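Quick notes on the structure that follows.
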Amino acid sequence: MSDDADPRSAALGTEGLSKHFGGIVAVDEVDLAVESGELRAIIGPNGAGKTTLFNVVTHALAPTSGSVYLDGEDVTDVPQERRPHLGLARSFQSNELFAELSVLENVRVIAQTAADGTFSFSLLGDGRAVRADEARDILARVGLSEHAETEAKNLSHGDQRRLGIAMAIATEPSVLLLDEPTSGMGPGESRETVELVQSLQDDLGLTVLMIEHDMEIVLSVSDRITVLNRGSVLATGTPDEIQGDDDVQDAYLGGVREEL
Amino acid sequence: MSTSSSRTLGLDRLSAGGAAVWGAIALLLLVALAVEPGLFVDQFVGGLVYGMTLVLIALGLSIILGLLGIVNFAHGALFMLGAYFTYQLMALWGLPFWVALVVAPLLVGLVGVLMERLVLQWLYDEPPLAGLLAAFGIALMIQEATRAIWGDTPLSVATPAVLAQSADLAVTTVARIRLFSVVVAALVVLGVYLLIERTDFGLSVRAGVQDREMAGFLGIDMPRRFVLMFFLGAVIAGIGGVLQGTAVGMSPTMGQQYIIITFVVVVVGGIGSLFGSVVAGLLIGEAVFLTPLVLRSLADVTGVGALAVPGIGGLVPYLVMILVLLVRPRGLYGQEGFME
Amino acid sequence: MSRDATAGVLERLGAVELGVWQVPLGLLAVAVLLRPVVSHDLMLGYPQVATSFLIWMIIVASFNLLMGYTGLISFGHAMFMGIGTYSVAIALSSFAVPFLVAAPLGILLSAGVAYLVGRLIAHKGEIYFAMLTLAFAKSAHFVANYNPGGLTGGTTGLADGTMPAWIETSRGFTYVALGGFRIDWYWAVAAVFVVGMLLLWQLVRSPFGRTLVAVRENEALARAMGVDVRRYKVWAFTFAAAFAALGGVLLEINNQGATLSELSIVTSGNIIIMAVLGGANYFFGPLAGVFVWMFVEEYLADFHTLVLPLTEVPLARIELAGVLVYWQFFLGLLFVVAVLVSPREGILGLLKTVLGRLSARIRGESE
Amino acid sequence: MPKITRRRALEGLGAAGIAGLAGCSSGPGGEGSGSGGTTTGSTGPMEITLGLFTPNSGAFAPWGPSLETGTRLAIQDLENELDVSVGLEVYDTKTDPSGALDAMKRAVTADGIDFAQGGINSSVCTKIGTWASDNNVSYIGQGASDSLRGEACQPFMYMVYQTNHMMATTIGREMADTTDNWYVLYADYVWGHNAEQVVTSAVEENGATVVGKDATPFPNDDYTQYINNVANSDADGVALLIPGPDASRAVKQMRNQGLTDITIGAQMLEDMVFWGLDHEAAAMVDIASMGWVNTIDGVGDFNDRVAEAGELDPFVRHAKSYTSADQHVRAAVRAGSTRAEDIREELEGHEVQSAAKDIHGGGEMYWRACDHELVSPVFSATAREASAMQDDPYKQWFDVTDTTPGDDVVRSCEETGCTL
């Protein structure tokens, strides 16, 4: 069982994507084809290479071999900073912020970058005014309006994660990679965050690729699920298919159940 | 695929370029050897000795930087203190050199511990700049205190009789005190290697550096281990100071003079790699001693006198650093992701 | 406690709400008030030094574009200042090029060198970058010392024939004389200071400058979000060099020529110290840093030179002067304390905290 | 009524502190004239404020106090002998031209010094001397580089120290007489470069050969590679043109490395640099040219007075500072003015007759008009045997072997390139 679609025509596709660290194979010949508008969950045990896969897809790390496609374009060699401008955005597993800037400024700077490109000599005018309204809209959308002037580092953990999503949205993406958007949140907060992701996806027509641990969430919201194990794809399918897959049960879900 | 092939190609080009560089260097050295064989051997041995002196000073710095992440700008001041404590013990209190060789480094170690406990321990989680600036302030304080206690005028101690003459190495002669320094430096390097790589203590420190929280969970008392590592780094600086003070003499600015070149050694070697510091120290020592000779020989051979740039020796370490870092961004043996 | 970097100190002190005018007005106030304040008898007591203050303020502020706004620490910033100084001195003494032609050329040259060096090293890790700037600065120093073609004057530097014809000087007073006009050199520098600092301020408040701040805050995130971090760093480095050279060009007249100390590592170190002392997080931080540094140095150094005349009381001389000769000890202590409080806040940060607490207390009482 | 300034306030503070500690009240020093220009009052002594520029920090910091002591001794003598009151303001040059210039500007504009003296290294002398001349301030410096009385000479700048050329010519003869093949080690800065040129030509003019030379970084610790060069050459003599403690380091390392039988000739040696070293290393110096040494005949009680002041044992900088203050103040008194033009008129061609002449052994000393050089005798010296070195009450390690009249070795006016 795997992606049936052609990675070269999917919203986001990978073909034989691998990443080696010395002798360790962190990502092993991964083929993905995420269709436009799909919400794809990536699951797998710790150390399965999920975050590394994100890093390779976004070119935070150069792949050892293989290719990455975005809307049919081969973007394998496109540098990391160009990718958001091609519509590929991500959030991070740990809270990555411009810690000492205000929440608004965190989002605004990225909105400005989305408008100006990877580099721009805009030396005139007041930078704080550029795309500030758009940034406020995004904050309103993720429910951070009241914290707009707070320094990002002073936000609560959950709000920082939402700011991470807001920043990713500010790049005006078509494909959004979310690395454990609900980590460290309580059940209620997790639910709100997932709803936020879903509403954003609907409103903006996003394709979402999401690493998530909470199986309940994964099974309830995903269109399809890809299971990674030791760097390679174990299975891909709808939630029902994955739940019924014996390999997955053995390698992953079964283990989880036993632990529980 | 395209990625892999371009990457391999890049590596190929790099190693081809590297081979060309090494070839050119070898050729230049051969020219120098052919033109002035006797001097070449002298300078080669001299560079080795000088390099080991640099290694001795750089090693403590490298430990503190690599393991604790503190850019200890005060390391030069600790080195200087080693020399002045030697003066205090030998010239003022009349104790023999061998006592100073043991006692002075221990005293420097205590000063180091004081530094770490009072100031630097609060900066482990700050960006490297914070530690650097604080250490700079401490260096100023130590230097001024040294001026106040021992004065501005350069001082020296009598070289102990056994070490006072030169040693005949058949191909060249070297001051015995310098040779002694090399032996001590080698022993220190060996000792540090064994401590860090072969003992449980070293293992736990390395684990703690990788993941301090995890080490805390495992019940390893990291703060105490860090103090010990700082003590060790300071002691090594002190040993360097004793040897340098005895061989050359001391002045309140000697710390400043050495700290920058020592940083160059650590950076060329690659931050976080003790082995890199050793290699870089020797490399820079040789470069400082052989470059002027090579240029002079080249000037002789080609007849272009302008090639023998006077005073180039002082610039050589920096040129080596530029070259090494442009080819290998993390220095010779630097770890990926460390201090970047 | 907001540590956001661009807003001026006035707003931070909660003094006046001046909006966009606060920085221009603040700069004007510095230019107008500095000399009377500095030359007050109970301060430094002599007006000429105020000119040096302004020039160093430009230079340190240019460094803070790197350290405070982009998060790049350069150990070789003096090199870019020195290129400006030497360019003008060489142009005047060896080629009889007019100052007003040489100065822009010097600034361009400095920016050009910075651009090339930046392309090579701006993407390196923090410590590697710092050490490489040091290496390039050492090389520049070496070249000037080597005195190629007799242009740089080696260790003597350049003094003869380095002054433009329109500078008049007599017993320490310097004037700019242009077509019958004669104004004090201070006001000429003050005008350049205000214009230059306004340009720098516009640079840091512009969209470009805001992106630099994002790079400082989180380089990896900025890159992931679509910022070409390396190019921004290269251009920040280039602009910083241009402003440093602007200061260097003024220094050429102020110091009557060029000497090796304008290229030395010690000078680079002093620039860092001044930036940190004042507070790298504030636009006015470097200005405060220059003020404090020059003031502390002169003030403390005076204690020992002044008490020395009383040699007839040797014991007392040791008691007082003996300690203050080592005033740098206290400078070191100040540094350690400043870093322990916060390495990026400096004097202005401390001041702000103290005033903030005070005003909170006052407000608390009135409520 | 004197203005209350910060400096005066601090001075008062210092005085009060001292009074409290020592239990005696002693007012602050002279008020200073503050006016510049002519200061002869209708009554009372002539008041002069002298600005001293001395390296209290930087590479030459160890020298700092000696300039002040020498100056103070001269002021004592002048005030005893003449109807004059001399105030002294001391400034730190930081061994740095820019730092020295800042101090000079302040001294002239704010503290109202009448004239200036001091400065050791040539770059500092050039910087503050040029500025002083441009601003009509008289200045006597202590640099030894020939450029200071050559292309860089200035109308109101004077030099009290014998030049590199004078000392090299003196020592060059002796070096060539002693042995034939010389290796030159010179410090890589302006004085060293100048010394290298003059010593090389002096050695070669006298029939010996310079077989090799190296520019050594300054300051520098490790001389091994240069010593290797010396050892590998045919040289049987090494000319040390290295100032400060670096010279002593080089000698010590030569001894450690076993290069003990080589002849060492030192240009413009200042014995003080050896005093941190053991006797044996200093004893290796065979030939030295010196501007002054404390074993000159006829020095009188100068040595004792310096030793009493306590900071450093008497050496050349004490004598040169004494001479500077002595000559400057006397010129002003003779002229009845401190204007730079008037002092220039008094100094040019003036023959020294004061105590400054006695402490230099009584040989002829005069201010040459064409380049403002104080033409004075050059001393040749050699180190004593280690056992014969005297340490108490002050260090006497070197003996004068010969005294060469200044006129015999000074460059002719045409050769200097100075056009005053």
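Things worth noting here:
Note that the chains take the letters A, B, C and D in the order they are written out, and that residue 1 is the start of every chain.
What we mean here is this: a contact is a pair of C-beta atoms (placed from the backbone, for glycine too) under 8 Å apart; a residue touches a chain by one contact, two chains touch by 3 or more.
Every value quoted in this text rests on a predicted model; they were computed, and no experiment measured them.
Think of each touching pair as a link: the shortest run of links from subunit A to subunit D has 2 of them. The chains touching subunit A as well as subunit B are C.
Among the inter-chain contacts, the highest number of C-beta pairs connects C-D. Geometrically, the chain at the heart of the complex, using CA-atom means, is C. Ranked by how far their CA centres sit from the centre of subunit A, the chains are topped by D. Work out the mean CA point of subunit A and of subunit C, and you get 44 Å between them. Rounded to whole angstrom units, the spacing between the C-alpha centres of subunit B and subunit C is 32.
Between the CA-based centres of subunit B and subunit D the separation comes to 37 Å, rounded to the whole angstrom.
For subunit D, residues touching at least two other chains, in rising order: 188.
Residue positions of subunit C touching 2 or more other chains, listed in rising order: 145, 325.
Multi-chain contact residues of subunit A (touching two or more other chains) are absent. Remark: subunit C residues 2-5, 20, 202-203, 205-211, 213-214, 217-218, 220-229, 231-232, 235 touch subunit A in the complex. Within the complex formed with subunit D, the residues of subunit C that make contact are 39, 41-49, 52, 145, 154-157, 159-160, 169-173, 255-257, 259-262, 299, 301-303, 305-317, 319-321, 325. Every residue of subunit B that touches subunit D in the complex is listed here, in rising order: 36, 38-39, 42-43, 46-47, 49-50, 53, 152-156, 158-159, 164-166, 172-178, 244, 247-249, 251, 253-254, 257-258, 288-289, 292, 310-311, 313-314. Looking at the complex, you find that subunit D touches subunit C at residues 3-7, 9-11, 14-15, 17-18, 21-22, 24, 26, 28-29, 36, 56, 68, 72, 88-92, 96-99, 101-102, 105-106, 108-111, 122-123, 126-127, 130-131, 134-137, 145, 147, 151-152, 188-190, 193, 309-310. In the complex of the two chains, the subunit D residues touching subunit B come out as 59, 61-62, 64, 188, 214-217, 219-222, 224-225, 228-229, 231-232, 245, 248-249, 252-253, 255-258, 272-273, 275-278, 312.
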